[in-house]
Amino acid sequence: MVLTTSAAGVYVICPTPFRSDGSLDLASTDRMVEAFLNAGATGLTILGIMGEAPKLAAEESFSYAKQVLAAVSGRVPVIVGVSAAGFAAMSALSRKVMDAGAAGVMIAPPSTLRTDDQIVSYFADAVEAIGPNVPFVIQDYPLVTNVVMTPKVIMRIIEENPSCVMLKHEDWPGLDKITTLRRASDQGQVRRVSILCGNGGLFLPFEMERGADGAMTGYAYPEMLVGVVNLIKAGKRTEAHDLFDRHLPLVRYETQPSLGLAVRKYVLKRRGIIVSETLRKPGPKLSPETIADIEWMMERIERS
Amino acid sequence: MVLTTSAAGVYVICPTPFRSDGSLDLASTDRMVEAFLNAGATGLTILGIMGEAPKLAAEESFSYAKQVLAAVSGRVPVIVGVSAAGFAAMSALSRKVMDAGAAGVMIAPPSTLRTDDQIVSYFADAVEAIGPNVPFVIQDYPLVTNVVMTPKVIMRIIEENPSCVMLKHEDWPGLDKITTLRRASDQGQVRRVSILCGNGGLFLPFEMERGADGAMTGYAYPEMLVGVVNLIKAGKRTEAHDLFDRHLPLVRYETQPSLGLAVRKYVLKRRGIIVSETLRKPGPKLSPETIADIEWMMERIERS
Amino acid sequence: MVLTTSAAGVYVICPTPFRSDGSLDLASTDRMVEAFLNAGATGLTILGIMGEAPKLAAEESFSYAKQVLAAVSGRVPVIVGVSAAGFAAMSALSRKVMDAGAAGVMIAPPSTLRTDDQIVSYFADAVEAIGPNVPFVIQDYPLVTNVVMTPKVIMRIIEENPSCVMLKHEDWPGLDKITTLRRASDQGQVRRVSILCGNGGLFLPFEMERGADGAMTGYAYPEMLVGVVNLIKAGKRTEAHDLFDRHLPLVRYETQPSLGLAVRKYVLKRRGIIVSETLRKPGPKLSPETIADIEWMMERIERS
Amino acid sequence: MVLTTSAAGVYVICPTPFRSDGSLDLASTDRMVEAFLNAGATGLTILGIMGEAPKLAAEESFSYAKQVLAAVSGRVPVIVGVSAAGFAAMSALSRKVMDAGAAGVMIAPPSTLRTDDQIVSYFADAVEAIGPNVPFVIQDYPLVTNVVMTPKVIMRIIEENPSCVMLKHEDWPGLDKITTLRRASDQGQVRRVSILCGNGGLFLPFEMERGADGAMTGYAYPEMLVGVVNLIKAGKRTEAHDLFDRHLPLVRYETQPSLGLAVRKYVLKRRGIIVSETLRKPGPKLSPETIADIEWMMERIERS
């Protein structure tokens, strides 16, 4: 199973489940994979920023990836985040996970990059590191990476690297960027790649309307993401927004930097999907007041 | 009219209206002041970050402040942002606007500050610059200022500066910070000051429940902010969240950095409050697609 | 006297002299101007980052500029820094100082700029703000501005704005950038503008050898900068480096961020040029140990 | 051999030698170790920022560390940089290198830390990760880490963690910080730890005079660092500064971010110590003009 430019739907960003003592929780991992596939995920993404990838030792990253790949067992494509401080680590992880059955890899640029040419060069070097045959995703997430890529820069990366098959879009604001990129590919100015959107889904219905192919993000009720994508594709705009807006209070709550992941894990625990909301250090702990907020929102969502 | 620690309700952050050629629009200013007071504002705040203050020349800032103060004419307190690259400019603007009838000033720390002591010292120096009798507001907005203030640091500033009367809270995540600060003042560990919340109101009902006294933020329908604050104070939790959640799609759209202000101005124009959505350069222009998004959300809000 | 692309020699960056109470010291200003002209300055630059410009109120900036212009009285060109948080303030200051006799203005890009196109647009907007007939200098100082300009971006700004007459170069590392830009102008790929170098002169002899036209920087013994520029132009490489290397210990000590300016002012005071080493708050104070270090270096320089 | 608070002299920061194809060069590693010990190094530090540690894969880091430890063979203590994006990786590397004979580890705080308490907590968590019996060095390098530690914060870390044995000081400006810390330990306000200074040695003689115990830094002629430390300790101030100032032009040239390391490797190659000046990507290449600059400086140093 290889990632291609026609990827669409919802690629759920998987959190990495830990037991309350901080150790990898591989049993929860299996259950989580089933839950996400049952919710309608068309792909999974692991070891991204929201997967606490930097908090795993090199061997742990690989164990976790193997576990997910085994659980998925070829039912959907799995994308693995291989962003690293250096190309040697990126190359090593990429080789291992592709050998183990990953469909492609995702690369976020390091925060030191500034100029257009630096960004373009970085992706050329990254492709050299992972090899020209590994399909890869550009992660465009300036709020976290502090790297701003214009549509022009993204198009240069797409044109210069045939193995680039997808843009993970999470610029903010970013809707006009989707419009610009889709117009460019429609008019033949650039090769068409898949665009899946992140940012916790905060703008998902509008992103679909601008021409995105789906979402690649996490949310504690991924079936909502799937529902919205399908409703928009079916032309049911009002129903899509109605569904989305019902969840928006919790989506908004999950977008809080760092705390949001703990919130998401808490809801996944409450839904019986993972056994602990633990984040590895350094990471926040939920206060009783925050837990009360979450319960309030869950009740309002599940009641409707 | 002097700002005190008992300030509460909704202090609306005023955008600065410009004509389409970029010049100050003082006629719209008067109309906007009336609209915000009619919506139930208990105070106004001008020349903040969302007021495009850094884009005004020194004389323009003062003309605009005088116009707002004249239009308000003592009906509610007016807070003026006096954050500046240096204390001489801060002191000069502060003196002028206080003489002209402002109720207090608001100060955001410069992005160069890092350590706890640097932040505390900065506010001591700022108080020396504006004078010890001018009531002032601490603006805690790390997403924009890049300055992180712990509750401990905020309490030091409050304790060391008797003229500190308010915290404008827009840390993100920030709910537990409100809980911590309110617990500390309830237990007598720190003088109680007013806490008004910003961040475009994105967490307003929860902020009220944590002990905030109200909001200081902008939104194109400020009557919603007023409604939510009043409903929470009246103990009508469900009604407060229902009202808030109806507006949340647009609130969320307005939180987009830089673009959000153009969105807010567009809605204010559509509601007949100002004549142009123009932002001064450098600033975004709304695309037709973005305008269509806004119209869609306005229709859904106004229908309900 | 109008700044042109043939500017060369040493444009001394003037600190702004304050009395020990922090007020502007206009008497020292006159004496400093004479001292710098006697040292061989071919131009002066005021209200730059090292001139504590952001710490001056708008009226003070203009008073100080008028004082310098009057003291210089047309003997050399004076460049005025007009970098500002917004174009309205930039436009206002630029108009005033050009009317008062400045030869040109200097503009540093704001730290929010990231992409190549943002930087190019910013300078286009700035030229619109100051007017197309005001000669201007691009300040390229990434250590402070956090804006990285490639040679390509600088060349675009030069080509698109005929009123651009100079690059103030203080990238770090930056020697190869001079080589690249000079090669490009020699080969007719871009209009030739003056390149004067900053960074406290830390690389001055090498910068001259790469094709710079001189220095625009501050140092407590500006006659050394003049000497090095003249010796290199006269082909006396060894003598130039010998002279420079004798001063390098103090040049190095002056490059310490923020503290360096206090060091420079202390030496200027010791040399009888200004009456106080005071920096406006927030700014460092020299410890007795630091003063002892400076005295040690002065003695070694002056003995040789 | 265990690192203690009485460490002194010159701990040379080792670059990681690569062949021109970018592979680890273990033969050069052995030769480099001998050269540095012959130059008078009292310790070595590997896998620091200047060792291109983030560009090595996990297994490479460990191979390189083993090679150095074997070459040193207990003659001097070896400190290993274990800074990592997460504690799992830090813990894994720390355990491996301590088992292999390292004398201690060095930890730089991640750039996300802002408040005093965040920094103190981070080191507490790091000590939990590496274990309480592993001697560790605080790396205080705000220019690169963007984390500013006051003397008070450093003292809290020292007091709360008995296994902290050394401060690697490279704040800038930083001389008064040494004075403050030494005064505090002399007056019994804080446990005395070793202070070794970095920053390419740019302020070495003054740092020794302020109370530092030596240097932990890299320079292409480490015998100069050793000479300066010994002369200062012998009370020969003038000779120490004379020796240092002769090298200062090249020291200054080596402090250029990123390029400086390529310069250092070039000189080490020219001196027959390593076989290639190659940096791993992304990294600069030396231009012919830069090589000519270096040769000029080498000639002036070696002649004198």
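By written order: A, B, C and D. Residues from 1 in each chain.
Just so it is clear, contacts are C-beta pairs under 8 Å (C-beta built on N, C-alpha and C of every residue); 3 or more make two chains touch, one makes a residue touch a chain.
Each chain and its UniProt protein: A, B, C, D = Dihydrodipicolinate synthase family protein.
In this text the structure is predicted, and so the values were computed from the model without any measurement.
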Touching chain C and also chain D, the following chains: A, B
Most remote chain, CA-based centroid, reference being chain D: B
Chain centre separation in whole Å, for chain D relative to chain A (CA means): 38
Chain B and chain D: spacing of chain centres that average the CA atoms, whole Å: 47
Centroid spacing, where centroids are CA-atom means, of chain A and chain B in whole angstrom: 33
Numbers and ranges of chain D residues touching at least 2 other chains: 118
Residue ranges of chain A touching chain C (in the complex, touch as defined): 114-118, 142, 147-150, 152-153
Residue ranges of chain B touching chain A (in the complex, touch as defined): 172-173, 175-176, 179, 202-203, 206, 209-210, 241, 245, 248-249, 252-253, 256-260, 284, 287, 289-290, 293, 296, 300
Sites on chain B touched by chain C in the complex: 52, 54-60, 85-89, 91-92, 111, 118, 121-122, 125, 280-282
